[in-house]
Structures are given as structure tokens and as C-alpha cells.
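Two complexes are shown next, each including chain A; its partner changes from chain B in the first to chain C in the second.
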Partner chain A sequence: MNLDSAKKVFFLESRENLQRIEENLLTLVDNAHDIEFINALFREVHTIKGSAGMFGYQEVTDFAHNFENVLDGVRKFEITVTPELVETALDAHDYMKLLISYAEEDRELTDDDLRQGELLSEQLRGFEDEQTSNDSISSSIPKKPLIQKPEADKQRDQSSTAPGVESKYWHISLRFGENVFTTGLDPFSFIVYLKNIGEIKNLITVTEMIPEFKDFNPEICYIGFEIDFDAASGVDKTKILEVFEFLTDDCTVIILPPHSEVEHYCQLIADLPESAVQIGDILTQSGTLTKIELEEALNLQQHSKKSDSLNTGGRPLLGEVMLTEKMISQPIMEAALEKQKENRVKEEQRKRSIRIDADKVDQLITLVGELVISGANIKQRTAKLEDSDLTEAVEQMARLVDDVRDSTMYIRMVPIGETFSSFKRTVHDLSRDMNKKVDLVINGGETELDKTLVEKIQDPLMHIVRNALDHGIETPEERVSNGKKQKAIVNLNAFHESGSIVIEVSDDGQGLSREKIYKKAVENGLLASGQTVDDRTLWNMIMLPGFSTAAQVTDISGRGVGMDVVKKNIDSLRGVVDIDSKESEGTTIRIHLPLTLAIIDGFLVTVEKQKYVFPLDMVLECTDVEFNQDDKEGGDFFTLRGEVLPYLCLQELFYGVAMGEKSSDEVQHGSQGENKNKIVIVEYARKRAGFVVDRLLGEFQTVIKPLGRLFHNMHWISGATILGNGEVALIIDVPRLIEYVSKMVNSRRAQ
Partner chain B sequence: MEFAIVSKSSAETEIKVIGDCTIYNAQQIKTFLDEHYFVTDHLVLNLAGVDEVDSSFFQLLVAIKKDATRIKKRVSYISHSLPVLKYIDLYGAAALLGDRIVVKKEDREKFDFKYGLKIVKGEPSNESR
Partner chain C sequence: MKEKRIYEKEEHENRTMIQLLSFRQGKEVYAVRINSVREVIDSIAITPIPLVPHYIKGVINLRGNVLPVIDLNARFYGDRGGIEKSTSIIIVELQSHEEIVSIGLMIDAVKEVMMFPEEEIDPTPDFGTNIRTDFISGIARHEENYLILLDINAVLNIEELSDFTCPDGVLEERNG
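Moving on to the complex of A and B:
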């Protein structure tokens, strides 16, 4: 059997698993007690271990096994989550990633790698040892068990007086898989057997999941048990667990040691299938928890949720209103609701996704492109025939082609959230290395953009985020002395804006220093001494090549290392970078990117009989404007409904002077002979300009065809497209033109 | 496993359940009870002849009881056999089911009925005669 394709899937899925592991680990830092994350982590590592074993990647399996053991300990509350544990786990994640990539490339591990693996395994085992030592203490003195003190106790200072619940018995929760009866297992025998290693103090049969009798299937197991167990001396958790070892994987066995922390019960409540109300009732009525302890458990849940929501940027709390009513059952209700919500989210993630080879999608897009072109052809020919039925049919087809095109493009769209999340690790690592305290806040992760763009934007973004952390954000001490919060915030934000997607990276750091940049600009001859310049222009100068080289720049602006590279990368994606900054308040770097790269709605115009296309998303309006010679005295501006806009005559730019030469002087000197001019007003990256053309032809669907190397030097053209009649139209590079116009305007102003 | 209908009316139906009441017969028991449970106000199951049970039968007993409470019917279990009592004892379900339980003198030591909820919630369970 050929395993290659299966292996491919394994590597693909492992990468996804690894990514989720990383995400969960980073979330764990703030939510050390959220059993959901720990469970999820355990599952992911377990999956990798299992699949790696299937393909015979022994190193991966072995290492994952170590990793999994530690997580299992955490899951069972035997190992506490400490920052060291999270760091080690992150390293373990990285190592696993390395192992898997080696396996994928069929490479051998180097000695260094092996040593690193050994070291990590040892570290991991160190955490396990902590667990076994815990166990041995609790087993030797079962009546006076060890009380675990998780690090996150700071979070719950209000309850620090209550180290554990009163109950001096082990608590065992049992839930079975649906098929436990039909597989010939009877829970009865397990419980009878349990009596051999101690005394069952109380046992409650949980019957809440039994449905109405008419829907009741007698072969399915609906019941579960809550047991309070007084273990005989020498019996530890492992011993108890052994009793249930014959139960299959779909059974839930949760064992809490005597005097467990209230929060462990809180997690128990969250883990069981019944509602929190029901479990809460059972636990109090069976005497496992006192009413006060239950109340505390649920308040704790509430409390931790509250701090969660603060961390994640203020997600509103469902039960805040209920809480004010001071009724126990209300917070319980809230916990139950929250749980349902979690489950739903999980299901939604699971459902509906298929893996397609990117090539296949590209092929489809090419075909759709051809379809669009030939559709336009048909439309044009029908127009000549003046057959109304045919026209109608063609119109309908054109609409469908539109839809097909849109949905095809949509296939390539992926949410940017995944890219954003990968920065969590960067921020985590960098802030640790630089001893800075930084929170990464992500907004608009669901914003979708073309997959190619997502891939290409990763590096520039990384650069910007790194800059923000390195130069933008001050040390905690500096921040405090500046009256800021110790913990800085870096914001990653994405949203749509007039046909482009905007990605913002902002920080609340020290901002750019106007003075220093100005000085440097003068030094570099970019500005004349004493020349006035607005902030935005000045900020954008830090992206000029040569402006920012290594240490100098760090001194000058606290920003700008390699910003020219960032700009170049973004330029190649037809995007624009924009910088906003306020000294000592922070900096925002905004990247505007086109939504897609292949097909756009265009607006067709002619200039000197040659057809040109403006991307329709950027076109604001078309209008006739009368220029008279007087207006022109002040420069190439015109007034539209009271707003002054710069304009550019494309005839002049494209034909009046030699192409490629863009001396602004020459262009500005040209004047339009006619009085009435057709003008297209476009906007990009919050800048507007008008372009004078000969004729307006209307909307047109455009498949962007790249231009060959021969046209490499055509600066104002971003591509070409084929019209219905086979004619070629050139696509105008609006971002560049607008940039050009604003540059021209600025140099005018400066004069 | 077999059933003996002691009496049958819309007011009260009494059925003797005899033999092996385990998962192997669970579907059959359910089908039989479906026939009688819905058409009488008071269903009485005599469990004296039940000589083998497992958790599935126990669950079935709880399921009808729960449903009866819900739709305000009466269901009673009488003359529990020892195997049935063993389950009720260990599963702490004496109060949950709420039937009067008679244990012969010589068997008393075998049971202590100490498990279960301290307070039984909801409707007062329908005490058997």
C-alpha cells in the first residue's frame, strides 16, 4: 500500500495540531485553571503521538509520549501549571515541530538535536517526578492528604483562606459510553470491585440524562455515578484508576483527592455532561460539598471568567445581571450556559471543511477568468444583434458568471486570524527576552483575504510587530514612570475599507520622535532645513531606503529597522503602508492591501483611443469638470463640492511626455486645452485624486493578466486585461498614481 | 425471561416479571412495557421472579419511574428479588425509586441502603401500598 498520500495528510494535520498546541499553551499562561485548554492540549499531543506511531516515526512518538504524560498530570490536577512548565511545554512544542519537519524531509537528527531532545525529555520528566512525589505523600498519609497550591492562587486572593473542601474523601465521577452495556460491561462490577480498596462512603446514581420513556433506548447507558470514597491506606490515584482500566475511552473517570481545591470541583462541574445545576445539587445533597463550598466554586468560575474576559479585550459577561441578584442558582445557570456555548463553538469548528490542493483552485480561477472574458465577448456581440430575448438571456448569464466569479474568488479567501495568532508566540518570546510586559490584542481575525496575500504579509507583519516590541514599547519601569500601565498593549487589527483590506499594528509605546526623524531627514538631504512638513509625510520617510540603517536608526527614531524592506514587500502586493504616531502615546502602522489578486470589477475609460481600466472599488465617482486657466495658476487642483482635490491628466502623463520619465515638472506644466473634462475620482489608502480621461465607458469585469518583463518599466500600469472583442486594456495602478499625485502636491506645497 | 399479567385495567395493571432481566432482553422488556405502561394509570411490576439483573435493567426501572413522575402516572415496584435489591442498595436508589422494600429477616445483613441523596428532590415519590 502506498502510504505517501496518507503521510502527506499526517504532516498537514500535525502542523495544524502543533499550531493549536502552541495557541493553547499561550492561552494557558493566563488561564492556568481552565481545564478546557488542558484537555484540548492533551488531545492534540495525543493525536500526534498516535498518528506518528502509525507511520513509524518513533522519535516523535517517544517524545510526544513524555509530553503527553506531563499534560495528563496537569489534566488530573497532579501537576500544577507554572510559568516554567509553560515555557518547557513551548520548547517541547518547538522540538516536536522540528522532529516532524525532519520526518517530513526524511532527514536524520543531528547530535545537537538529539541532545536538545534528551534535555527536554528530562525537563518534562522532572515535572512528572513532582507528580509522583505528590502521590507518594498522599498515599502514605491518606487521611491527611497533600493540599496542592497552584501558582495562580494570586488570582483568587479572596479565597486563599480556604485551601480545600471539607470533604475528607476521594470523589469519583463516573460517566460511561453509550455502548457500555452492549459491550458486556456492567458498571456494577467495577463499583463492587472498588470496595476492595476502600469504603464507599456515598454513591449517587446520576439519572439526569435518562430521556422520556418513549425515547428511552434500554441498550444505551444514560446513567452515571458520583462516589465519595474512603481509600484504604496505601491506595493512591493510580490504584483507583486501575479499577476502571477496562472501561473504554469514551467513558469519563474523574478522580479528585480528598480536600481538593474548590476550583477542581468547579472544573468537575464543567466537565460532566449534566448541567451545572444538576451536578451542583447532587454534590451538595450527597454531602460532598457544603452549600458554601459550592457557592464558592461557582463564584470562582465566575471570577476566572471575568479575568478571562478582561484579558481578551472585554467580552461581555452573560451572567453579570444574574449575579447581582445574589442567587446561587443563577451563576450556576450562567456556568451551564457558558458550557453549552463552548460545545457549540467546538462543533462549529469541526464541521464543514475540506482540503483542496491549491493548484486545483488556481486552475478553477484561471478557467473562471476565461469564462468572464468570453462572457464579455458574447455580451458585446449580442448588443449588436438587438434581439431582446437573447439580450435578456445573456444578461442573466452574465449575472451568473458574476456570482461564479465571486464565489470562486471567495474560495481563496482565508481568515487572517491564523496569521495573527502566530504572533502570540513572537510577542510572548520577545517580551520575555526583553523583559517587557506586553499583551497582544487581536481584533478582526475573521477578516478574510486572499491566501497568497496572507502568506506574503506574514514577514512584513512580523517585522513591524518586532519593531513595535523592540523600539516602540518602553521597559516596565519607564512605562510606570511615564504614568502608563506596566503592561503594554500591542494591537493587531484587520478590517475592510473601500475595496481594500487594512491591517493595523498599533502599540501604546513611546511613539516616533518627530525631532529626531526631522534631523535625520535633513541630514540625508530629504528635507531642507527649516522646511515645514506634516507628520504623516515625515513618518513615512522612515520607510525610505537608506534612511534607516541599523543602530543609527534605533537611536534616531526608535523605529525603522528594515522598514524599507517592509514597504517594498507591501508594494509588491500592490499595497500601501501608512504610519501614524504620537509621541509618548504610541504608533500605528497601517497596511492597505487589495482584496484579491486575480479578478476585479473594473471601470473602463479611454485615453487617446487606448482603453484603460480603474479598479472599480477605488472609484468614487465620475464627473465633468470645467478647468479654466485661472484655476490652474495655483496648481493642478480643482474644487468638487467645496473640496479641493489634486488631479492629473492621464493624456499628459501617458502620451504628452515620454513614458518612464516622471519628472513632476514636466507633467505639471502641461495644460488641457478643452474646457470640459471627464474626470474619474478615486480613493486609495484615505487619499483622493482625480484623473482626467477622454471617455468613460462604464463598468467592466476584469481578469488581471500580468504584464511580461518587457513592460517592466511601465510604472503606472499594474496589469492588462482582454476585452470581449479581443482588444487589450491596461489596468491603471491607482495606488502608485495616487502616491505620485500626493508627492507632486507636497513638492508643490514645499515650493 | 417472561411476563405474567396478574391484572389488567386502565386504572391498574400488575405484571410479574420473571427470569433473566439483563441487556440481552432489554429491548424485549422495553417493548413489552411500552404496551402496558402508557395505557394504565398505575403500573405495578412484581419483581419477585427476577433472578438475574444488570445495570441496564436497573436503568430501565429508574427510567419508567422518572417518566411516571413527569407525566403524573404511578409506577410501583413490589416484592423485589435479591438481585434487584443488590442493585438498588449499591446504586443508592432506594429513595430515588421510593417503593416500600421488604427484606426477609435472614437477608437483612446483606443490605444497608445507606447511599443516595440525603434529600430527595421534586415530587414526593409514589409510595407503594
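Moving on to the complex of A and C:
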């Protein structure tokens, strides 16, 4: 792996880590004492710190270190979680994100950024100071308790009555474990690195574990090291341990401070895999222990073995020993363990998933599209041959092509949950700024939709959520006086519904004010004073450009460029926005989006000889309807099994041919009924309408070909498709036409 | 043919040569710079699109891509062009909003591809042309005839061509 691609992975993983940090921080607001989240937070910050250090991003490492210290204090219940702490931590998260994005873009930090970083570090240290003053043990030590701790241990060691060994050096025992080579680590590099923080006085390679040659496996690391280390001033146990941070859990690292008790050495001997005599030899040989000290140690070991077998029935676990002996401070230990665990999980995930360049997927989809078209062509041609074996073979191939199409489209599908989660922060920040109490409830995060849609829906959703908080939700006082719970609820929901994906944002706020909107609509000349209008039509008016009912323009919304932009964005995704609201009960904004962007099942019809396609998902049924003149006079309605539906005659709309007149197509093919008309009933976004066409040609699988910029103002055709014979058919923009029909019907009714 | 072109280029070595595609539209001969032309195809089945201005002839299927076709006659003179045997579609590539847009241009007949010295192209006259002057980037004399060099970005200005109204507007127009 070269450095660049490793860096790419670092940035990718850091972004994921940052996102989890944010999520955990937000969860922390309500679960201040849940150690799970705090541990997770610590782990994630620690991971970023570690990997940033590896790539030499010093600013990130330094800042993360400060951040980590505070979180460590929280883990140890030395710092209490306060709202202020969470806010600062969120800011620290933001700053870390900034630092990492700068590192990614190779940009220098501006002075402002640096000042901000300094301020944050200061704030973070502020929390630590608080901890220090609460901490009776280290109250005499001014700052950085985490680092001071091991020294405190040392002091204790020195002042204790038990005799310390003579050696004035640190003793480090290293056993790398069998798998160190397979994880890509070079044991030697750690030793080299160790030299950076002190001097290696003595190094003995432990070769006892090397097997006989016939059993020797060159991929296994058999050797270990016993090192006497003269640490540079200011280097403590934490610093030394950091050197070995990246070793995995089957490695044994034992560090004994200078003048450690003999007891510790005996524990060391017990913990190492080699026999006590061998280790003893090594230790005396290196001058770590004198002969007398060794004997003492071995005696002690015998003794402790007895007591151990009484107490725990076996050798204590290494980790426990290290902890009880305070050889490793608890956070480091846990962090290391968690890190290893996490690495394993990640490793497994990586095995199961691959990252693919989006362009490659797009290319595949284009090819599948071509395959679908030629498949349809073959099917058409086979139908003419009336060869049943061939037809069967073609049918089977068509099914396979269908499956290939579906699986290809599925590659691009991603769950919307991640997008939803990103709103937690928005809601948190906004509710804080506005002094409102809001709970964000997320449902259906596992609902999958096209990746492009997910990206493009983010901004409109953000706007809707902001609107809900700013205009929808009342202040806690208002809510209480209205008999509502103080804490409002904003619901984000996603689900599938009749060929589309629905994303809902609902709140239990004050709802839209019918009165205000009506007034505004009259002011803007959209409604005549006194005109009756149904709720839904009125609500949808807030999506017209320049329409804002907010009495006060706030920083967040109300500038009148809101909902119309939302609507425009959704329109460009072939989606529809629908508003439902009840005064003083809340508002629900529903976004309907198409399932996919590229391939659809279509329903082929002709209008004046020209072929048109309805997206099959939206087609409810096709039927013959006889229109009588009375119906027509009441508006463009017809009755289908008791349900009154608006309809539109496509001949009339597209070609100006009135419905009563015989179209050229009908004359040619001879129509059976005098006044019978073929009608396609469609539904989109819970609205139904009928479209009168000339002939029904049946189902057809089709690839949407965009019509391009030239047609971006055209709202009756959403795209084109190529039929098996190479002919181009136009795809009816059902959502827009339904909207058009209902608008037309409403205006006629109003007249 | 290729050899001849090289020869021509050498002959005019000290002059900047541009390559043009000339074609007939109505009674005039026009030319476009060849670097914006992707290919020329015979007039194939054009699918008309309802409720669009008459200068949009429709869409075609060009090897799996759907491209719009502009009727040059309608764009220039306001009347729909008829389809004759010689009618061809020039596929032009344009840059619009940071994307490449391919558009078909329906013309009466393609004439030839030629090299032309850039110095011999005169500026657009202020009057005396049958088409909008902003469509013209220059006029050149070629074999006793005038050749009108078109500014293809103006003729096929996407912003202008796509500026038509939605069905509400069309219907109102029709009803009123």
C-alpha cells in the first residue's frame, strides 16, 4: 500500500469516526452517565489521535490529545458531564473535523482557525483543571493529571517500604506474539522508535521460543526482547507505552519503572512465556537484577503461586495483574483493548464489503440499460416467429435480465439512516439557540434509496427540519400553557409506498395558520378575498416563491426563499412535496421520491400515433370510460366505481384534438364504442387522476434517457426511452400532470 | 483526400487555416467551424414532442442516446422546414453549464468540408442579411459565392431555446 492510498483510508475512517463522535456526544446529552457512550467517544478520539500521529498531522494529534484528556476524566467520573461540556466537546469535534479536512486538502490553517483552536484547547483544559481541583490525590500537581499519574505511582513505589531493585533503568519486556508479521508490523521498528525517547542501555534477544528447524515457520515471530531503558527526562510510562500502541493483543509488553519492587519482577517472570530460570538468567545477565534480587524474586513467586491457587485457582490474567500493579494506567489499557476489538470488527467488515468507484457502477448501469433495450427488441422479434421453444428461452433470458437489472440498481441503494442521523446535530444546535426543547425521533432509517437521491435530498430536508424547529415548534412555556409536553417531538420517517419512497418530517408544533396563509395568499393575489379553498391547496401555497408567513424573519428561516427552493429541488428529482397540517397539533411534510433514476417499468400507450410511456409504478388500472356530456359540464370529472376522479385528455392537451372528434388514429384502427375512451388511472403522492389516450399497448421495460438541458422547462414529459425497434417514446411526467390536473380542476371549481 | 489536405495546409503555411463545414439552407449557403461538429447523419425518424416551440423538431435516437433536433429553417426564418431527400442532421457539441450538450441541427443539404484562411473572413455586415445578425460570426467569399459563417453558440443558445412555457401557459394561449 502506498502512502497516498493509506492516507485516503485515514481520511475516510476519520470522517466515519468523527460522525460517530458527534452521534455519541448527542446521545450523551440525555445519557450523561452511560459509560458505554463515553468509552466509545474516548476510543474514537483516541483512534483519530493515533492514526493522525502516524501520518504526521501534528495539529490533529495535539488537539485530539487535549480532547482525549477531558474524555478520560469523564470516563473516570472525575469530570461530570454538563451541558457546557457537551457543547465544548461538540465544538471540539467540529474543530477536529476542520483540521482533518484541512489536512486532506493540504491547506494551511488561517490565523482565525488557530485562535479558535487555542480557545477550544483552553476551554478543554478548563474542564481538566476542574477535575484536578476535585482530585484529592493529585491536588498538588497543577495540570495534565493523566500524565502525572504514573509519576505519582513512581513516587509511591519509591516511598514504599518494600525494597526496590538497584537498577536505575526502566525495564521493558517485549514478546511480539506469533502473528506480528502477518499484521504487517516490524518488531525492529519499535525498538528503533524507542530510541527517540531515551537510550537503550541493554538489549537481550530472547530466543528460547525458537523451535527446532523442522518446525520453524518463517512467518511466525518467535523472538522477544528484554530491554533496559534509560528514559529521557519527562518520559513516563504513558510515553513509553505509546511507542507500542499499535501492537495487537497477542503481544506482551511489560514495563517496569526504575527501582521497582522485587515483587514486580517476580510477576514479570511469571507472566513471560519462558521458564523462570531462563528469564532469571537473562535478567541477571543484563544486570537488571542482582543474583540476590533474583533469588528473592523466585522465592516470592513460589509464594505467590500458592496464594494465587488459593484465591483464584490459577494464574491471574495478565491484564488484571498489570492493573492491580498499576503498571498500566486503566484508560490506556482499556483503550488498547477496545482498539483491538474494534480493529477486528473493522477487519471483518472490510472482508465483507468493497468500495467501488461510483463511475464504475454508473457505467454498469448504462450497460444494463442497453441490455434491457436489446432484450426488449429480441422479445418483440421472437413474438413474430411463433416458435414456442425460442419464446420460452427468450422469456427465461428476459427474467434473468430483469434480475440483473434489479441487482445492479441495488448496488446504488444506500440506507437513508446516515442522512437522518446527521440531523441530530442540527436539531441539537437549533433547539439550544432557540431555547426550545426538542426530541428528534428517527424511524425507517434502514429504508434504502438511490445514492444520488440521498445526496440531493439532504439540503431540502435540512430546510424542512429548520423550518419545523423555527416556525413549527413553540417555546416550552407556550407548549405548557397549551397543555402540551414541554419537550416537542420532530419525527423523521422513511418508508416505501406504491412505487415511491416517502420521507416524512413531522412535528407536534403549532401547525400552519390557515388564517395567516389565507391572508398572505390574498395579498399576493393568489386568491380572491372570500374565495373558498381546501386545506391542502392552501398549505401547498407556502411552496410558492416569495411566500413566507413568518411574522419575523429569523436567522434560521423565514426569508421567503425557503419552501420554493425545497420544492424546486424535489421537482428536479421527479419527486413531489405534500403538506399536511392541523392548527395547534402539528405539521407533516411528505416528500415522495421515485425509487430509481435510471430504469423503470413502463406502460406503453399511443396518443395520436405517437408512443408515450407511463411509469408502471404509478398506473393503477386501465379502463374504458364512457363520458356523457353532462359530466363534462360539471368539470373534467368522471366516476369510477363511485369515486369521482379528475381526468385529462392527452389528445386535447398535446395536439389540440377535442375528445369528441375522431382522431386519425381511431379512424385508422376503427374504434368499437362510439363514446368509449381508453383511460389510464394513475396515482402519485396520494392523488389520483385519469388520462385519456388512444390505444393501450401494454407493459414495457424501459431505460430513462434524459432529455437534457434544452427541455428543462418542459413539465409534461419527464424523459424519453428507446423502444426495441429503435423508436423513441416519450415518458409522461405523471407527478407534474397530476398536479396540473388538480390545479385546473380547482380553478374551474372556483369559477 | 487526406494527402490533398496536407498539401493545402503546407501551401498556406504562413496563414491560419480553419476547417469549415458548409451546407445549404433555403437559398443561402452557410458554414460552421468543424471543431464543434461531431458528425453528420441522414435525416432519420424524428419523434416530435408536443407543446414545444416549432423550432424544436423533436428528438432522435442516435446510437442509444436521445438528442433534440433543432429545425434551422424555423430558427432562421420562422417557418418549419420540409424534409427532402437531401435533408441532413448535423450533430453539434456545445458547452453549456459546464456540461457538453449534443444537439442535432436539421438543414436542407450538406455541401462540403473545406479549409479556409482565417484572414479572408470578413466581419458581419450590419444589414443585408436574412437572419439575425448575432447568429453570424463572419462572411467569406468562396468560389464566386458568399459563405455565411455561423456562430453556432448563438444559433443554438440553450438558454434561449429552452425558454418556453409550461402547459398552463400553452393552454392559456390556446384558449385565449
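General observations
Assume the second predicted complex is superposed on the first by the 491 of 751 C-alpha atoms of A that agree within 3 Å, B and C clash if a C-alpha of one lies under 4 Å from a C-alpha of the other, contacts with A are read in each partner's own complex, and residues count from 1 in each chain.
Definition applied: a contact is a pair of C-beta atoms (placed from the backbone, for glycine too) under 8 Å apart; a residue touches a chain by one contact, two chains touch by 3 or more.
All values derive from a computational prediction rather than experimental measurement.
Once the two complexes are overlaid on the shared chain, A:V565 sits clear of chain B and of chain C alike.
When both complexes are overlaid on chain A, the residue A:M413 reaches neither chain B nor chain C. In the superposed model, A:L697 lies in contact with neither chain B nor chain C.
Of the two partner chains placed by the overlay, neither chain B nor chain C lies in contact with A:L544. Looking at the shared chain after the overlay, A:L710 reaches chain C, while chain B stays out of its contact range.
Those residues of chain B lying in contact with chain A across their complex are 23, 26-27, 29-30, 34, 37-38, 54-56, 58-60, 62-64, 66-67, 70, 87, 90-93, 96, 114-119, 121.
Partner chain B is touched in their complex by these residues of chain A: 181-182, 184, 186-188, 191-192, 200, 202-205, 207, 210-214, 216-219, 221-223, 225, 281-282, 285-287. Those residues of chain A whose C-beta lies close enough to touch chain C in the complex are 370, 373, 610, 653-656, 705-717, 720, 722, 726-730, 737, 740, 743. Those residues of chain C that touch chain A in the shared complex are 45, 47-52, 56, 59-61, 64-68, 96-97, 99, 101, 103, 158, 161-168, 171, 174.
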